[in-house]
Structures are given as C-alpha cells and as structure tokens.
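Below: one structure, written as structure tokens.
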Amino acid sequence: MFPKNAWYVACTPDDIQDKPLGRKICGESMVFYRGPEGKVTALEDFCPHRGAPLSLGRVEDGKLVCGYHGLEMGCDGKTVAMPGQRVRGFPAIRAFAAIERYGFIWVWPGDIAQADESKLHHLEWAENPAWAYGGGLFHINCDYRLMVDNLMDLTHETYVHASSIGQKEIDETPTKTEVHGDEVVTSRHMENIFAPPFWRMALRGNGLADDVPVDRWQICRFTPPSHVMIEVGVAHAGHGGYDAPAEHKAASIVVDFITPETETSIWYFWGMARNFKPDDAELTASIREGQGKIFSEDLEMLEKQQRNLLAHPSRKLLMLNIDSGGVQSRKVIDRWLAAEAPQVTA
Amino acid sequence: MFPKNAWYVACTPDDIQDKPLGRKICGESMVFYRGPEGKVTALEDFCPHRGAPLSLGRVEDGKLVCGYHGLEMGCDGKTVAMPGQRVRGFPAIRAFAAIERYGFIWVWPGDIAQADESKLHHLEWAENPAWAYGGGLFHINCDYRLMVDNLMDLTHETYVHASSIGQKEIDETPTKTEVHGDEVVTSRHMENIFAPPFWRMALRGNGLADDVPVDRWQICRFTPPSHVMIEVGVAHAGHGGYDAPAEHKAASIVVDFITPETETSIWYFWGMARNFKPDDAELTASIREGQGKIFSEDLEMLEKQQRNLLAHPSRKLLMLNIDSGGVQSRKVIDRWLAAEAPQVTA
Amino acid sequence: MFPKNAWYVACTPDDIQDKPLGRKICGESMVFYRGPEGKVTALEDFCPHRGAPLSLGRVEDGKLVCGYHGLEMGCDGKTVAMPGQRVRGFPAIRAFAAIERYGFIWVWPGDIAQADESKLHHLEWAENPAWAYGGGLFHINCDYRLMVDNLMDLTHETYVHASSIGQKEIDETPTKTEVHGDEVVTSRHMENIFAPPFWRMALRGNGLADDVPVDRWQICRFTPPSHVMIEVGVAHAGHGGYDAPAEHKAASIVVDFITPETETSIWYFWGMARNFKPDDAELTASIREGQGKIFSEDLEMLEKQQRNLLAHPSRKLLMLNIDSGGVQSRKVIDRWLAAEAPQVTA
C-alpha cells in the first residue's frame, strides 16, 4: 500500500545517459529515457507488439525503438512507426508523468491527469550553489514504511551505527514530534557532549577542533509520500547549538528518498547535502563513502525485520514515544491512501 | 500446454556417454541412458523403492542401478532385481519411447503405445556426408512458443543481432507465409544488397568475394511440435539467388529443436548444417562459436518478454503480417493440442 | 510434522561464543545466547518493540540487547529495560527450554512447562574421558525422516559410499530390527570379510593389520525424536566380532542428531565418537575430515529424493525388509506426534 498520486525519485540522470532504464516502481514496470529535446519520459515497459521490455531497446531521435522488432514508441505511449506497418490502430501503452529536477528523475506512478509539478516540494540545497550533494542507491527488501520508521527514530544510531554516529546520549535525550499539516518533524537536541567519530571527522574537515564539548542536533522531517530529510550537525558548545554561527559548527542534511518497488522492497536513494566547502569534490567523495558504509549497516536489520513481520502478520508492534515520528508519518501516509481509495457514495 | 504425443529432442549421445542423464521434458522428470545393446532408454526418474532419482545411479550391463540402494531397473520400467529382495510385486515406473537418430536422442513424452518412429521427419542434412553439423544447447526461461515466434519472424535480426546477421533490408522486404498441412513456411528473398558481417565471413570461408552485391534468402520451416529449420544463404547477385549454382553461394540450414521443460522454460538445441567443406572441423567449430554468440543475444529478450507476459496475462498481443509465421505455427500446435484433449461425446 | 515436546540439538557452544545465534528449529525462529551466569538461553527471535531479530543484537551482562533500539531482553522473554522507557507493559516473547550438555546446546521447541531434563538420554561417550568426539554440521533440504530412513538402512553405503565404507557384503547380509519401547535397533553382522578403505585406515590407525579378514558390525539405534547412534567397527576375524577384546578391533559410534528446521529441511549434526587414542587431536581431525567427505555424498541424493516426493505426493513407497529400521522409527515418531495432537473427548 503506497500512495500512487505522488512524486517519487525514479533514478538519476546518469542512469539514462546511454540507454533506457527499466525499473519497477510502486509495482509498475517502467522504462525511463530521454524523449524529444531530452525531456525525461516514463512509460510502461511493455511493447504493444509482442510484450517485449522496451528498456532493452535504444533511443533514436527522441523515440524509443524496441530492441526486438523495431517498433518506435512515442513519449505519450502511442506507437509512432514500425518498419512495414501501419501503426494507427496499435493499442497505446501507459505513460507516466516524469520530471527532472534537483538532480533526480521523478515519476508519478498514479493518474497522469492529476500529476502536478507544483506538488514537488522545494529543495533549497539542490539549487543553491552554496551547497554540495553526494549520494547513492540501495535496493532493500522491506516495506518502505519500515525505512520511514528507521529514519524518524534515530535512537537506532546508538546500536546499529555504534562506531560512527551512534552515542549513548541519543538514547538519553528525549525527542519532540510535531505535525504541521502533512509534514512530521521529530527533533532532538543534545547539549555539551563529546562528538562521535563521524562528527569529529566533520569538525576537522571544517577546520574546527574535534576534542571539545559540542551541542548536537537531529531534526527529522518526513514529507509524503516517503521522503525524509534530516538536519544534523554539531556546534562547539556554548555558541547556540543549532542556531550557532557557521564558523562554530559542522552541519548537513541527510537526504532520504524512499521509493517503493513492491509492497516489500524499495529503492533507497540516500545522500548528504552540506553547505560548507561545496566545491571540494574530494570531500564529497569521502563523505559519500563514509555514509554509504554507515547506511549499509541498516540493510540486514531491515530485511530480517521484514521477514519477521511477514512470518507474524497479526502481531502488534509497540508504539513508544521514540516511535512517534514514524507513527505520525504513517498517519499522514494513511490519509493519503484513504484519499486515493475508491469513493463509496450512499 | 504442449503436445505430448510427439518427438522432441531430449539430449545428445554425449550426454549419456558416461552416466545416466536426468532431465525434465514436457513437465516429466526423466532419466536417459543406454540399455541393453546400447539402445537409448527413457524412464521416469523415480526409483519405485524410495523415490530416489535413478539418474544419480549407474548403468551396469544395460540395467540402470539405483545409486541409493541398488535396485536394478529394466528398460521397460519394471524392476529386474534388488539385493536380497523379491521384486516381482514392485510397482512399475513409466517408460517413455526413445530413439536415437540424426545425432540426437528423441523422446515421446506422451502415450508410449502411440509412439511411431515413422512420424519423425527425415533430416537429409543429418545423414548425407556432404553436410556437416555443429550446435549447442541453451536453457531459457520462456514458453516454447515464444521461441517459435522468434524464429518464424526474422525481422528481429535487425535489432537483436544488429552487428552480425541483422540488416535494414530484412525489415524492408516482405515475407510470404504458406501452410502445407502441418508445415508452415515463411520466406523472404532480398535482392542486390550487401551482406552483413556473418555472411561476408561465410563468403570468404567459401572462397568467394565478400564485397560485391548479393541476393540473400531466409526460408523458415516450422514443423510440429516445435522444430524450426531455416534455410539461409547469400549468392553473388545475378546468379539466381536461392537457385544459384553452388559455386556462387554460401548457404546453410539453421537448425532449432525447441523442447519444453515446463510451461515456461525450454531446452533449446540450436545448430547449423552446411553442405560445403563438410570435413573442415575447424570451420565447424568457428561457425558454432559465432552462432552461439549470436543466439545468446536472444536469451535476455525472451526471458524478460516471458516475465512481462506473466505479469499481464490478459493483455492481447498484436498479430501483424510479420507475425504470420508464428501465428500459423501456433494454429498447428493448437490443432495438435486439441487432438490430444480428452474427447467429450454427447 | 515433528514432535515439539522433545530435545533437539540446536547448536554447539562455539556458535554462541562471541555473539547470539539466530536459527530456525522446528519452524520456530529462535535466538540462542548465554544469559546470566553463562546459562544457555533460547528465545523467540523477535523483539517485542518493532519485530527486529534479536539475534542481530549483543549480550551484555547476561541480557540480550536488541541491535536496533537497545531493548534489553531477559532470559524469560520479558523485557528488562529499554532506554527512556517503562517496560512493564511490554508483551513477553516466547522462551524455550534450553540446556547445555554433552558438548551441545539442546532445545525443547514445544511447551516449556513440559520440558524435562531427565528425558535427555545419557551419552556415555560424551562424558567418559576414554572417548573422543569430532563432528560437523550440514544443512540439507529434506524432511528429517528421510535422513532417519537413510541412517537406519545402511545398504545405501554400498552405492552412495562405494569408495570408502561401502562393500557388497552389506547388501548380502540381512539385518535384524528390534523395537524396545521407543528405541529401534537395526543390526547387521558380517563375518570373515575384507574391510573397505575407511576401515583399513582405522585398523592401521589403531596399530592393527589391515590386510587380514575381519568381522564387521553395524548397530543402528534410533531414539526419538530423531537421533541415530550407530555402533560400527571391525575386528580381526575369529576374535568374537563385536564382542572381541579391544586389542583386536577398531570401533566407534557414528553420531547423528537430526534437527528439523522446517518440514523439508534439517540441521544435520554428524560426528564420530571413538574410544581409542582419545587424546590424539590429529586423528580426530583426520577422521572428521574423512567422515565429512563421506557424509556429504548423501546430500544430493536426499535433496533430490525430497523433490521427487514433493512432485509425487500420492505415490506410495515400498517398505522392504531393509527398510524396517526406518519404518519402525517412523512408527515411534507417529506415536509421539499422536501424543501431542489436540485431544478430542466424546
């Protein structure tokens, strides 16, 4: 169960640079490519001739040419031409709304008529040259909501990521969860603590002492359908914490786009945006590598948690205070799902 | 759905040279071996004692000895002996009709009483010393009829095999499909074109110039249950094309025996028979290697097409003029299936 | 179908030395670890908080700490603590009876209230310093009863293990099967034969001539739920066979603990106990290596037999005299299963 009338990250421009990309999203097998004038296009990955996957074809002058018998598909799902054939009566395949923005290709797996570019939230860090971004993609066999839970409750850092970003004070510091319309914000502020290894590295990378007490914050923001941005950072203690001036802190935004593949698998686009040393490509690469290692620690846990839940479908899980970010996020998702459900009128 | 009262290629003599072979054909797990006097034998791969696969056993004096507890099985499916046992009351296992001919082992997965050697069509190239044959085996996860479609519509060469045997003129030249009883013939004759790389190589191998215009032909012959032989070749233009004298052409027969394993998987025996330089083993090996590479290009397409069709079972495919070879072949198959269906009388 | 109110081998102390072990036994996902004072503990592998597998956690002061969010689980399945939480109302998870004995961890997958240590049979070889033991673990995809059949009918040695312990005389010598309560004993005594390679090696290792006639015995003892101990050995002929004095023979006990994982897969703990040269670690290692090779020969046979039986669920297997050990063992198992079935009263 996922909202279908929503924007999801489908892939990055790299993925469709040389050839079409086949990827299943929200249960739909899609093909992504650049159509006329380079416009990103998403279609059903199914040639109307014999059912071949169009993603095994190639792009020619903005038309997708089926790799089996040469049918030329237009970006609206209607066949344009086929050698030796009149194609006017060919059945159309489904076209999905797709846009390119913020360095990603976004797709709307639901009703194309309802697709609305203005519903894609603004991502300041992706457009402002003062910011740099690096990230990657994991395929994980779990319900996308388990990953939302994971990201809205960072107490797991203490256990899953003990050697990098975890520290006991995360557990000990309560969080506050607020709901603003469809946005859910869970925040935690730890004061006068010592930074864990990842943040000591970030302090040094930022030209700051790493052996003095710091204030540390984590502000998780869920927005539907399943995106979580987390403001994270440390500031030398006594300078205002989250509000400290830039010269006293190292801060960034953890970026998580969670795209369901099926009911129990996801494409997990993870990354980090930072507004310091944005032109330092080496730093971007090293942060990306470190984050990739840390985030890969969640995979086994989430996949085995999913298997446990499938084996015990009727067992109720606990909803503790630390879970309130996930609980509230699921309520927003449920509201979106209800809005998409077929309406019954008396 | 496959005809069961028909001859299929099961394996080659090599496969049963040293030990029995276990292979599932048309949904039946079978064991193949040489029985008394070397006669090829096909039985259910199931020991009546404890259900062990007989294919893990060994052959001794023409008897198949179970590798678990030594039961000796006869070529009629009746137990011959077992250490310390009286075997007369042992239940028989199923025996299948099997014959060795044309360099292959053939099996009749249906009713053994109806098995008729005379129904195996004559293969001139396999018996005439003027011909040489080389081939191989692929396991592919698709319905056998998708491979029949593939072979009866060679426009796919232009796209799937673009760098070897494909060329634009295939698309541009219409085909003619004829049905003669149970045989379906789809033919295409291209005149005054340039040969693609594979055929230039064949011309050179045959001592002919490869840089002059040629006539090229493709004559696909389907015979049930699922065999496709394709006469292919090129002749220097102006010498009569298909009917040109041997010294002006390079020609061969593409041999395709498609044996269903299950409803959605096949054993695909492919090869090429040629009537030039039949004793040149090096040429046989090099053609076989080239053909193996070309034919492997179809695998991904067919397996993903199959998955697409399973995901959309109710969607209708197009039946274009280029598909008529496949369409007519499926009609023959349907007729055979209908003939095997249980009869209902009023 | 397996008895649940019974002791099964779950793992060895090595398996839980450094971290908890997750293992499915009799269909139950369990976590094994050492609780307070090192006592072995078995719980459901399911954190009551969010369903994470507890086996991904760690042990701290005898408490199992969930690796996801730090819940501390007690050895009775009740949550002891969790950072920032009152845990009194947390639902308990299931605890299983577990004991450590004879160098193994044993678990009782059924009703913990009925778990009775006295029901674990005495294993002399595991406690007496005159004996040495070496063994290993295989995972095999078959019903545990197929392995019981295998071990209670050693005629398969002639075929499956032809090059090591098999010999024609096994087939030719009838067995005797006796049932004593829940114990089934199948024995075979071969007289004045030549020893096969494995036993010639054992004779030499024991300082005895390997080129003279021997008496050989095999005494298979099944005890429920699914343990098979086999007394095996050879003695120089004419000294009393099984009853010969120690200086004339090489003997040992083949140890087989068969623990169901699911209905069609097992954890197979195999090994050998010997009462000669018990302190010779090199000999232990070499026997273990040889036995591992021999026992691995059964894997393919059992897994393919299982697949054959699943494909033909209604086909009846034969129950020959050589099968009587397995047949009688299955009767004992059926009796145990019936005793566990819900009682219906009139």
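Order of writing sets the labels: A, B and C. Residues in every chain begin at 1.
Heads up, the rule we're going with is that a residue touches a chain if its C-beta (ideal position, glycine included) is under 8 Å from a C-beta of that chain, and two chains touch if they have at least 3 such contacts.
These numbers were taken from a predicted model, which means no experiment stands behind them.
S.K.: Could you classify the connectivity of these chains, where an edge means two chains touch, as line, ring, star, complete or other?
M.R.: It is complete, because no pair of chains fails to touch.
S.K.: Quick check on chain A against chain C: do more than half of the interface residue numbers occur in both copies, making it same, or fewer, making it different?
M.R.: different
S.K.: What angle of turn lays chain B on top of chain C when you fit their CA atoms, given in steps of 5 degrees?
M.R.: Between chain B and chain C, the superposition angle is 120 degrees.
S.K.: How many angstrom lie between the centres of chain A and chain C, each centre taken as the mean Cα position?
M.R.: Comparing mean C-alpha positions, chain C is 48 Å from chain A.
S.K.: Give the residues of chain A touching no fewer than two other chains, as numbers and ranges.
M.R.: There are none in chain A.
S.K.: Which residues, counting only chain C, touch chain B once they are in their complex?
M.R.: My answer: residues 149, 153, 155-156, 158-160, 171-172, 174, 300-301, 304-305, 308-309, 311-312, 315-318, 320-323.
S.K.: Could you pull out which chain A residues touch chain B in their complex?
M.R.: These residues of chain A touch chain B: 29, 45-46, 48-53, 56-57, 65-70, 82-85, 90-91.
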